[in-house]
Each structure stands twice: as C-alpha cells, then as structure tokens.
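Consider the two complexes below, in which chain A is the common component and chain B and chain C are the respective partners.
Right after this comes the complex of A and B.
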C-alpha cells in the first residue's frame, strides 16, 4: 500500500513534469498577451470544485462513458480503464497539473534574456543554451512543482476512491478509513499519518538538497 | 593598409517607430582598435548589438569579410562580447563562467584549465575561481565578463563599456592589459565608452556618435586636433565654444576681438563656432592681451588648476599650472594655432562613415 501510493504519486509527478515543461517553455516565449490568455485558460477549470471535476472524469472513463464511445466511433474498441491504477494516475495528473505548470512557467518568465544572448555569443546553439543555461536555471521551479504535485498525490484518497473504485487502496484511503470508515481506529490512522508525513518530509529534504537551497524550493 | 573585416552599410535601427540609428556607415579593419564614443543613449550599444548579431538592422546590411551576415545568429559569428550588464551565468561559479565558451568548443579539460587560469590571472582574480558570481562586487563581475569573452580568443571582441565599474587605478591597468592583448593576440576590438580619455589613449580609430549618427571618425589625433564641429570638440575634451564670424581666410572675429587664425575655406562673413581648448589659453597681465577678464573661480584638479574667467559676457574655462587669485583681473593670450574654426553644428553634420581616414 505504501508502495502503491508512492509509485502512483511518482508516475503522476513524472507525467506532470513531462507535460508541463514543454508547455511552460513554449508559453514563456510568447508575447505577454498570449501568456495572459493562457493563464486564464489554465485557471478557469480550477475554479470548479475538485470533487466535481473528478466525478466528471468518472463518467468520462466509465465503461460506457465518453472515452469508450469515442474509441468505438474511431473503430479502436473499448478499453476498461476505470477502476485501474492508470485511471487514478490520470486523475492525479489532471488535478495537479497546474501546480507543476505555474512554478515552472514563473521561473522561465523571469529568466534573464541577456543570459541567452551571452550563451549564444559564446557559441552555444539553441539546444546547448537550453541544456546549459535554461534548464539549470529553471530547476528551482521544477523542484517546487514536483513538491506541489508529489505531496498531494501521495496522500490523496478522493481520486483513488472515485477513479480507482476502491481497488487501488492508497495511504490516504487507509487513513480515511481509520477515522471515518468502517475500520474505525484513530490510533492506527494517526500512526500511518505520521509515518507518511515523515517519508514525505525526507523526500522533500532530499529534493531541496538537490535544488541547492534555491529560494523558491524552501517551502518548509 | 590592412584589410577590411566588418562593414556596416546604411544601417538603420528603429524601435517602436523611434529611429535610434540613422544610417550608420562604418568599416572596421582587421586587427583594428575602433572605439565608439558618445553620450548616453546615442546608440553605441545598439550598434554593437547589430555587429554581435543580437539585433537585426531595420534596414541596411552588415558584412563580415565581404559576406552579408544579417541573418547569421550570434553563435555562428566569430565574435565575443563583453556585455554592458555583464550577463554572467548565476548558476555557475567564476571558473565555469569563463570556461563556458571553451566547453562549447569542446576543448580538452587540460586546455580549459590552463586558458581559464591565464584569463583569471589577466583580470587579477586568480583565487576567485570557485566563487559564485552572485557573491562578487560589480567591478569583480565586470572582470569575469572580460575574462569570459577574451578566453575564447575570438577574431573580433566587442566591449561595451568594459571598465565602467572599475576604480581609476584598476581601469588604467586594465586599459594597458587590454591594449597589450589586442596587439599580441591580434584581435579586432570594437570598444564602447563615454570616457573620451580612454577612447583617445587606446584606439586606432575613434567614431564619435550623437543621436544615432556618426559625427566624425578618424584617428585620435585627428579627432582631437581637427574636430569637425563644436559637438565633437566639446565631447572630446572640455572646450570653450564661442560664436564668431569668419570674415575671410585667416581672419575671424569672436569675443569682441578680431584675430588672425590658421583656418580657411569658409564663406566670407559666415557665422562659425570658435573652439579653444582650456589648456591652450595662457594667463598674462591685462596689458598684454586684447581679452581682459575677471577670475570667478579656481578649482584644484590634481595636475592643473581649472579657473573660470568672465570676459565680455563669456565664461572662459582655463587649465593652468599656476593658480590665479579669485577676483583678480587677468588677460588671456592666444596664438593663431590655438583657434579652431568650425562650421555651425545645427545638426547638419553628416557622418561620412569610414571614408574619412
């Protein structure tokens, strides 16, 4: 259960990062007008309640839901994705994506253009400038994004309940059951909470070390 | 005569409808030390950025070795830049900042080590290699910026006020060092400064700019001795600039007195600007001079005294080794060679690019 929680949170974080970075990179190079339109588009879904959005995914991923209807229409055939780990991971990615995108976008926006010129001046083409200047300088944003996706992912219980159908039991679900569910046992619940918190803290500490103590990453 | 390396042809630069460079024509020879000199906002950095490839001219062309390079990105030009605002990489330490270009050029680790070491020594930062650039003073950062550019031994080095943040002593030392490197390694320097003394002492050629126009281009001696108009004369060194009338060749009136001068070729009875260097004027007793004035102020300037002397409604600036007394009446003595006659500079002065030298 510990393993499943951390594994899923890890996948969700990695996928969020892979999606967010290219988007943030492209958006950061657009004009301010385009950037603010993008921000609005990103924020609007977040104004809808988190539970409602997850319920919406439930009906999309159902065996007779929107996704499968579309796949049938395209002649691919049905997939059964609801109540699997994949569905849970998808729910996490969807819900927490903005928390990855925003910090990365912010550091990329603040990146000093003259550094890119200096790099080009010293002979580095676009790819090398990205690898040697842009990416290292955006690491603080990446780290805070990773933190802000990983921590809620590892402790979520609503997403796994709704999209995992109770089959994928995560730490969050376990804790919830001890307090609100049938297996009422606040002692075990508290113990698991503490253990989880410690593990998360250790993870964050290690990551912050990597981030060289950049200001953006010092969330604690 | 050395060969031409870079040429700017009719380069115009417009930002949001505002014309910042008005038709710059300029050529730079191989291994030449060219300085762009001019007041703040006159377009020096913009000209440099066009040469470096960071800006494309709105119209006009730039050539390297006769080939048009308007669309060549900076990383494909054989040019390195010392940026006015340094633009050091904050995530790298001093050593890695300087090594950046060498690593891109895939030099061996031992080659990098020796060249970065030499560059650090050159700028006097030998023991700073592990330091983060964010933890250095402005002058130190500026020296890292110089080292980072020079270590690559480019064909052309662009330096945008590279010594601006240094104290006088350090600046003089670095001037000598830069000049030595330029000669030894044989690099073409395009140097920006608004320090006229720096421009005159270091350059082979000086281009004086104003408002996006090259007012005059020539050797330091030519520019100093034969400024084309009152603006150049004033910018290249403090000057007394008086309105005058040129009657005929070698015959001029200014300051209420008729003088013999060495200039000719002006229209008869044409209005002119008369430029006289403060150090060319001698203080004599009132009997020996047609210009009599009263000393308003005297300031000690180290090498000389700077005095202001009011005569006939004009305040003369005078540099002399002996100090007059404030309030004293003195005479001003000029020889014909001290009098420089210029056409009125009502913005009519046209830059002739590199053709004048």
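Right after this comes the complex of A and C.
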C-alpha cells in the first residue's frame, strides 16, 4: 500500500511537471493581459467542488462513457480506464495541476530578461540558454510545485475511491478506514498518520534547504 | 513581448487551449447533465429544468448550503481577525523567534488535509468525552466544524499579511505615535490601510479554502451536520443526484458573473484614472 501510494503520487507529480513546465514557459512570455486571463481561467475550476469535478470524470471515463463514445466515433475503439491506477493518476493530475503550474509560472514571470539577453550575447543558443540559465533559476518554483502536488497525492482517499473503484487502496484510504470506515482501529490509523507526517516534514525540511537560499537573495 | 514570432503564438495558444479543454471538460459535462432528463450520468435522454426545481425544494441540500456558506463566512472573518493580530505580534518578534514561529505556521499549510482532519477529530472527541464525564450532553457538530475551519484558515491569513507588514515603513507608525496618536489610532489609521490588500486577499483565500474543503469537514462535522461537500460525498457512494449538478452549475455561473463584473469595474476605474 505504501508502494502503491508513492508510485501513483510519483507518476502524478511527474506528469504534472511535464505538462506544467512548457505551458508555464510559453505563458510567461505572453502579454500581461493574456497572463491575467490565464490565471483567472486556472483558478475558476477550483471554485467548483473537487468531488463533483472528480465525479464528472467518472462519467467521462466510464466504459460506456463519453470518452469511449468519442473514441468509437473516431474509429479507435474502446479503452477501459475507469477503476484502474491510470484513472486514479489522471484524477490526481487533474485536481493538483494548478498547484504545479502556479509556482512555476510565478518564478518564470520574475525571471530577469536581461539574463537571457546576456546569455545569447555570449553566444549561447536557445537550448543552451534554457538549460544553463532559465531552468536552474526556475528550480525553486519547480520544487515547491513538486511538494504541493506530491503531498496531497500521497494522502488522497477520495480520488482513489471514486476513480479507482476501491481497488487501489492508498495511504489516505487506509487512514480513513481506521477512523470512519469499516476497519475501525484508531491506533493503527494514528500510527500511519504519524509516519506520513514524518515523511511530509522531511520533504518540507529539504524544500527549505533548497528554497531559502534563492528566496532570501532575491528579496534583498 | 508583443513582437513574438507567429509560430510561437500558434504553439502557445495550442498549448493553452489544450489545457483549458482538460480543465473545463468535466465542468461542462457536469453542467450538461444538470439538464438531462434521466438520472443517468452517461446517456442523454432529453432537456429538462426539473433538477433546478427540485433543488430549491430539497431541504437537505439547502441546509447543507447554509452550513457551508455560514461556516465559510464566519470562519474567514474570525480567522482574519485572529490571523492579522497574530501577524502584528509575529512581525515584532526577534528574527530567530519569528523564523521558528513562521515554520510552525507553515506546517498546517503543507500538512495533508487528512492528517489535519484526523487530528482535529481526535482532539474534539477527547474534549467531548471529557465534558461528558462532567455531565454535559455534547457531540461533534456545527461548533467543531466551525472551530476546525477557523483554525486551518489562520495560517493563510498570517502568510498573506506578513509580506505587507514587512514592506511597510516602520517610521510612519513612530511618527504617528510621536504626533500624539494612541497605539490603537496608530493601528487603525497607519498600519491597517497599509496592510489592507494583504488582509483582504488572505480573507478571500480563507473563504475559498472553507468552501472547497471536504476532508477536514468530513472528519470534524460529526453525524448531525453536513457541508455541501460531505453531502456530495455521501451521494457519490450511492448514485449522485442531478440536483447537485444543478447547484454546482449555478455556483459556477455566479463565480463567472462575479469575475466578469469585477473585471468590468476595474476596466472602468482604469478609464477614470486616465481621464484625470
């Protein structure tokens, strides 16, 4: 169960990062108007209850659901996603994507343009500038995005219940079951909670070590 | 940035478009099914408004809506007052103490919801058990839900007020006090206007967190009170009621309207500024 939780949370975090970075990068180079529209459109779904959004994914992913109808229409044929780990990972990506996008976008917006000019003046091409200048400077945002996606993904119990059909039990499910579910045993529940809390604290400590240096210098 | 290559523009809009489709597809599906004639969540059987009618007659959902809104409003107001006061105090601390307090403040923000919820539940259960031995008839309910929401909102207020306090020129307050203002006047006339943007945005964050919260409410509300998300969760285990789709569609449309209105007002303000 620990393994399943960490594997799924790891996949979800990696996918979020792969989707978020390019989008944050192109949006950070857009005009301020486009950027503010982007921020608003990113925040609005968060005002809809996440249970309902996840529930809506159930009707999209179902075996007779909208996605399969669309795929059949296109002549591709059915896929069965619902009640698999893939569906749970998709739910995690969907719910926590903004938490990855926002911090990365914020660092990229603050990036000093003259550094890019300096880099290209000194003869670096686009790829080299990105690898040597842009990416290292955006690491604090990436790290905080990674924590903000990984921690809730490891501890969720709703997404796995709705989209995983109760087949994939995660740490969150285990804890919930011990307190309010069938397997009532608050002692095991508390023990698992403490272990999870320690993991989160270690994550936070590592983040602070990495993050502080960058932030303090940028502030003064 | 206005002189972007056309290729970049196409690429950028394609990426953003795909993201918006991904983010909004479930919401439009939900909205569409609020007009669906049958209770099915995958088969379309015709247009109807009956779920909207039933929504306004459904006692349980309306009660849950009242609980959700009242908890969010009271909790965000209370947390704003407590959090702002705390931020003022933390701001005056020595750097070492301040760093420690801020780290402690950050733990609940990063801590998974489920852990916060479980800890609150255990604490409240311990309190009620203790009070019961004294003869009080008390169990988890609105009070524990509200206390939990106030508490988990406070760190967000502190986080959004602290930067404003740091940016503030501390000599303005000294000047006010030298000129004979009482400390309270100094707070009201000097500090408060300066930190107001932070206070307001903190309150907005707290309100959103409260409305959106499921996990903490699930553990702390007991069996007598329900917030909307707890009601929805209870439904998803059986078969969801399309009334809930109708309610979320209404909420989504109101949020959209509110945003449009705010934008229009801001645009008008900018025009006025240009005239003067």
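We adopt the following convention: the second predicted complex is superposed on the first by the 202 of 220 C-alpha atoms of A that agree within 3 Å, B and C clash if a C-alpha of one lies under 4 Å from a C-alpha of the other, contacts with A are read in each partner's own complex, and residues count from 1 in each chain.
What we mean here is this: contacts are C-beta pairs under 8 Å (C-beta built on N, C-alpha and C of every residue); 3 or more make two chains touch, one makes a residue touch a chain.
What you see is a predicted model, and the numbers here were worked out from it, not measured in a lab.
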Touching partner for A:41 - first (chain B), second (chain C), both, neither: second
Contacts of A:166 with chain B and chain C, given as first, second, both or neither: neither
Which partner reaches more residues of chain A (counting touched residues only), chain B or chain C: C
Which superposed partner A:133 touches (first chain B, second chain C, both, neither): first
Which superposed partner A:31 touches (first chain B, second chain C, both, neither): second
Touching partner for A:124 - first (chain B), second (chain C), both, neither: first
Footprint overlap on chain A, where chain B in one structure and chain C in the other make contact: none
In the complex, chain B residues that touch chain A: 52-54, 73-75, 79-81, 83, 85, 87-91, 100-101, 104-105, 148-149, 152
Sites on chain C touched by chain A in the complex: 1-2, 4, 8, 11-12, 15-16, 19-20, 22-27, 29-30, 33, 41-43, 103, 106-107, 110-115, 118-119, 121-122, 208, 211-212, 214-215, 218-219, 228-229, 232-233, 236, 240, 244-245, 248, 251-252, 255-256, 259
Chain A - residues contacting chain C, complex: 19, 22-23, 26-27, 29-31, 38, 40-42, 44-60, 62, 64-66, 94, 97, 147, 151-152, 154-158, 162, 172, 175-176, 179-180, 186, 189-190, 193, 196-197, 200-201, 203-204, 208
Touch list for chain A against partner chain B, complex: 112, 114-115, 117-125, 128, 132-133, 136-137
